[in-house]
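The first chain written gets the first letter, and so on, giving A, B, C, D, E, F, G and H; residue counts start at 1 in each chain.
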Amino acid sequence: MNLTVYLAGQIHDNWREEVKKMAEEKNLPLTFVSPQTNHERSDHIGEDVLGKQPGSQYKDDAASSINNFRTQVLLQKSDVVIALFGEKYKQWNTAMDASTAITMNKPTILVRPSSLIHPLKELSNKANVTVETIDQALEVLAYIYE
Amino acid sequence: MNLTVYLAGQIHDNWREEVKKMAEEKNLPLTFVSPQTNHERSDHIGEDVLGKQPGSQYKDDAASSINNFRTQVLLQKSDVVIALFGEKYKQWNTAMDASTAITMNKPTILVRPSSLIHPLKELSNKANVTVETIDQALEVLAYIYE
Amino acid sequence: MNLTVYLAGQIHDNWREEVKKMAEEKNLPLTFVSPQTNHERSDHIGEDVLGKQPGSQYKDDAASSINNFRTQVLLQKSDVVIALFGEKYKQWNTAMDASTAITMNKPTILVRPSSLIHPLKELSNKANVTVETIDQALEVLAYIYE
Amino acid sequence: MNLTVYLAGQIHDNWREEVKKMAEEKNLPLTFVSPQTNHERSDHIGEDVLGKQPGSQYKDDAASSINNFRTQVLLQKSDVVIALFGEKYKQWNTAMDASTAITMNKPTILVRPSSLIHPLKELSNKANVTVETIDQALEVLAYIYE
Amino acid sequence: MNLTVYLAGQIHDNWREEVKKMAEEKNLPLTFVSPQTNHERSDHIGEDVLGKQPGSQYKDDAASSINNFRTQVLLQKSDVVIALFGEKYKQWNTAMDASTAITMNKPTILVRPSSLIHPLKELSNKANVTVETIDQALEVLAYIYE
Amino acid sequence: MNLTVYLAGQIHDNWREEVKKMAEEKNLPLTFVSPQTNHERSDHIGEDVLGKQPGSQYKDDAASSINNFRTQVLLQKSDVVIALFGEKYKQWNTAMDASTAITMNKPTILVRPSSLIHPLKELSNKANVTVETIDQALEVLAYIYE
Amino acid sequence: MNLTVYLAGQIHDNWREEVKKMAEEKNLPLTFVSPQTNHERSDHIGEDVLGKQPGSQYKDDAASSINNFRTQVLLQKSDVVIALFGEKYKQWNTAMDASTAITMNKPTILVRPSSLIHPLKELSNKANVTVETIDQALEVLAYIYE
Amino acid sequence: MNLTVYLAGQIHDNWREEVKKMAEEKNLPLTFVSPQTNHERSDHIGEDVLGKQPGSQYKDDAASSINNFRTQVLLQKSDVVIALFGEKYKQWNTAMDASTAITMNKPTILVRPSSLIHPLKELSNKANVTVETIDQALEVLAYIYE
């Protein structure tokens, strides 16, 4: 049984590549999708498509409409969501994607360091499973196939 | 036509009281509901009900289960959601409540200072309306009754 | 049994007042809601709330976000929708509101002159009932109470 | 990941062929579906199947029932919708298909010339993304695969 | 707790009045709604509203669109459905209303004489409860309030 | 694009085989599913699986539970429904399956002889398309692929 | 804000009366509904309405159809569910009602003694809140109104 | 037509292997999925992934979150559910999975010995089909393909 997994979370390091490598090592039949992980491209996609906007707020809104379009397409195609929080950045998109997934009844795994237990306690309680590392998240995915 | 409005957002100042006062001044037939706004009580409700837990993670999970229960009851009863972001705190609950509301097709107004335009751009794009002050949010609510 | 009726359609004459008067004459227990019918206000509401925008496209988008918010609140509260088309104007909002209502399973009456039979044939076929005058629409509403 | 794209809009020129050609040039794994693009056939399908009807209104209703059947089948199978508006024709079917898609949570791209910004402002605000050319629409689709 | 009950079924005798009388005798806080029970009016409502149609098929379709509109409004407002079958007439509307209600998750009571057990066996199996008389149906409704 | 078509209706002649043959002749990529068409087997399946029941009502209920199970599985897998009515039999199962399909938003074609226009008028009005012969129904299916 | 609370669980003692008394003492604006709590009546309701059945399995099925009808009506009307498990009885109805409520997105409180932690661990994890006493359940309800 | 079947129920013997063998013997194109059937692993999966927990309640909650995640993924992918009850164990998970499936409109077969007719009567009445042996359940599945 093939499953599609949406990887929500920050796009400042290559954690998604690690997830994919681990899944391959475990021979899990998973397809991974994600938001745009090129940060520059993600911020500029609105102007890249629509041309110069009259200020940063309008540039941001143009970019976000295309980013949200992409996320909606891929999230609807996904069977499972992994949402990773780290210690840096505001990460409101991660919270948004995780909440959206949970409300759509997508089974969702939250990954967060122990330092974030308190501020993420309500979201963690709504997610199906909360773990601290992506290794643990992969163990949970592997468990589906045992 | 009476409407129930859920006020999501931080619980460190009395912005909800201001919202209610403005609504009264405009004679809008609105009922406001919200998360627990007593921060201490919100953090301790799990142990208040269930007794001492074996560590802060378990205390947090106990509290969040009851806070989430409250939010789910009140959000389902609401016709409209206002979600306010400020410059302090992580505010992942606010992002969670706003996303949940939007995914449930609850008409949602986002209130955020201009300093947060960039990190909130995707959530702002998904909300129905984004404004910068609670006065503006009330004007939007009042517009329903014009 | 009280019913709430959303009156979608152009805002250039007072057809909604006629509908209300007819309903009163028939003693029908109906509450009518509608989009903003003050055309000026509808076009300027974005800048009225958010201040000057950097061009007409941005002014329009600001206005439409608040108009859509209003419509979503009122449409969700409605039991029945009447959508009136006339011979003037593009009336894409009317088509949008009627389609939205039909997709939400709101029972919907389409009112259109015989001159518009052909261009509205698919929307007419999806609506529950199509009539040519608001008198006929009221007769259909009155029929619920016979 | 293959996606199916419904192309809503006027059927008076071959814009859909251009869309398909661009998608092939970009090697996007997309399947395109659409309403009946043969205008004559679309208008006569009711009588083609059911025989002569007693007047143009009945001919139109017979045709629209089969056109709507086709659209419902194909829209339900689609992952994404592109709705194109031009400067000619009433295009209420385009507005109807776009609104239906948005209400069904289908990610939707609106294509319209800048001359139509004002009359389409509410529909544009509800769509995920609004662009001015089909090239831009294809760029948005391609962005899903980056 | 007040409940609204839709009474689906034939409109050739006054069984609905009996149901109402029984409910009053039992002091049950029930509101009853139903299709148009004046058979003449039900058959002619299309031409009554829209004027003369070009043949009986078109007259029938005009009438049915208004009857279906009425049923959809009232069924959506109902908490419970009673569907009564008798030995005469085709009663496809009753089967249609009962199936629609069951698919909408409306709790449904089927009333049918024992002579119809076999042809109604699949519908009976899908209904919540099947009884043979309206007295029994009322006993089931009364049981809610015990 | 392959589509699965549920063929609801009487099981006393081989009309489904004709439908399949026509679809093959037109090279339509359709898979057809249907209720159990062996009438004897359909009536006895309850006792075939569960053993002798204490009377015909219980035998019928046992059979119908398994027939309904089959129909629910296959209807959920279907993209389109064709429901055929003839002049004989009560055909309440056909009305039930057609109504269920319509309420589930399955695009539905009704096939009925002109003699049944009046008693089927409400169901016909709710179906997407109504035709008189299975040839016409196939033409409608073929139209999807033009 | 009035809320309706469904009290699922065993019907062998008067725990529901205690719940109601506590709610009154706390002045909570709650309406409580429940399954039939007269065990005899619950077991015999099928034969009470439909007459003698041909064996205990058929008697049970007749009773359960009416009990399920009642539960479906009342659960759909409820805003919150409390499901109480005790140490005696199989209590599969309690598990069924709790699971149904959770799947319907009804906010749900599970009450169970600590001796049942292990066998109820999966249901407890799906419920919003799990407590050990009805006093604690009432505290959770009261928290909504703080 | 391939179907995926979720096998809910106790994990203390190899009944699922028997089901699979029977399906192979009948050449049914079925894929079977299930909860974790290694009882030890199922109880310890929480600590296996997350490490030592501070007591058995927390160990149980950690395990159940991962078991529920697995079940949600597999149940959403399933077309049909078989839920088997035996005479031993509390089996609240079986009741939970069966109720969840029924509420999600998954066609569901209940298998239970005649000794459990009375305590399972309400759940049995809600399931599509109730049988006493897995042979009978397979006969019901095979009936889909006749």
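Just so we're on the same page, contacts are C-beta pairs under 8 Å (C-beta built on N, C-alpha and C of every residue); 3 or more make two chains touch, one makes a residue touch a chain.
Being a predicted model, the structure only gives us computed values, none of them experimental.
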| item | value |
| --- | --- |
| Co-neighbours of subunit C and subunit B - touch as defined | A |
| Comparison of C-D and E-G (more C-beta pairs in contact) | C-D |
| Interchain centroid distance [CA atoms averaged], subunit A/subunit E, Å | 49 |
| Centre-to-centre distance between subunit H and subunit E (centres being mean Cα positions), rounded to whole Å | 38 |
| Centre-of-Cα separation between subunit B and subunit A, whole angstrom | 23 |
| Cα-centroid distance, subunit A relative to subunit C, in whole angstrom | 39 |
| Per-residue overlap in subunit F, given as positions that touch at least 2 other chains | 65, 68 |
| Touching pairs among all chains present in the structure | A-B, A-C, A-D, A-H, B-C, B-G, B-H, C-D, C-E, D-E, D-F, E-F, E-G, F-G, F-H, G-H |
| Footprint of subunit C on subunit E - complex, ascending | 4, 31, 33, 36, 38, 41, 45, 48-50, 65-66, 68-70, 72-74, 76-77 |
| For the subunit F and subunit D complex, residues of the former touching the latter | 1, 3, 79-80, 105, 107, 109, 128-132, 136, 139-140, 143-144, 146 |
| Complex contact set, residues of subunit C against subunit A | 54-55, 58 |
| Partner subunit C, residues of subunit D touching it in the complex | 56-57, 60-61, 63-65, 67-68, 71, 89-93, 95-100, 102-104, 114, 117-126 |
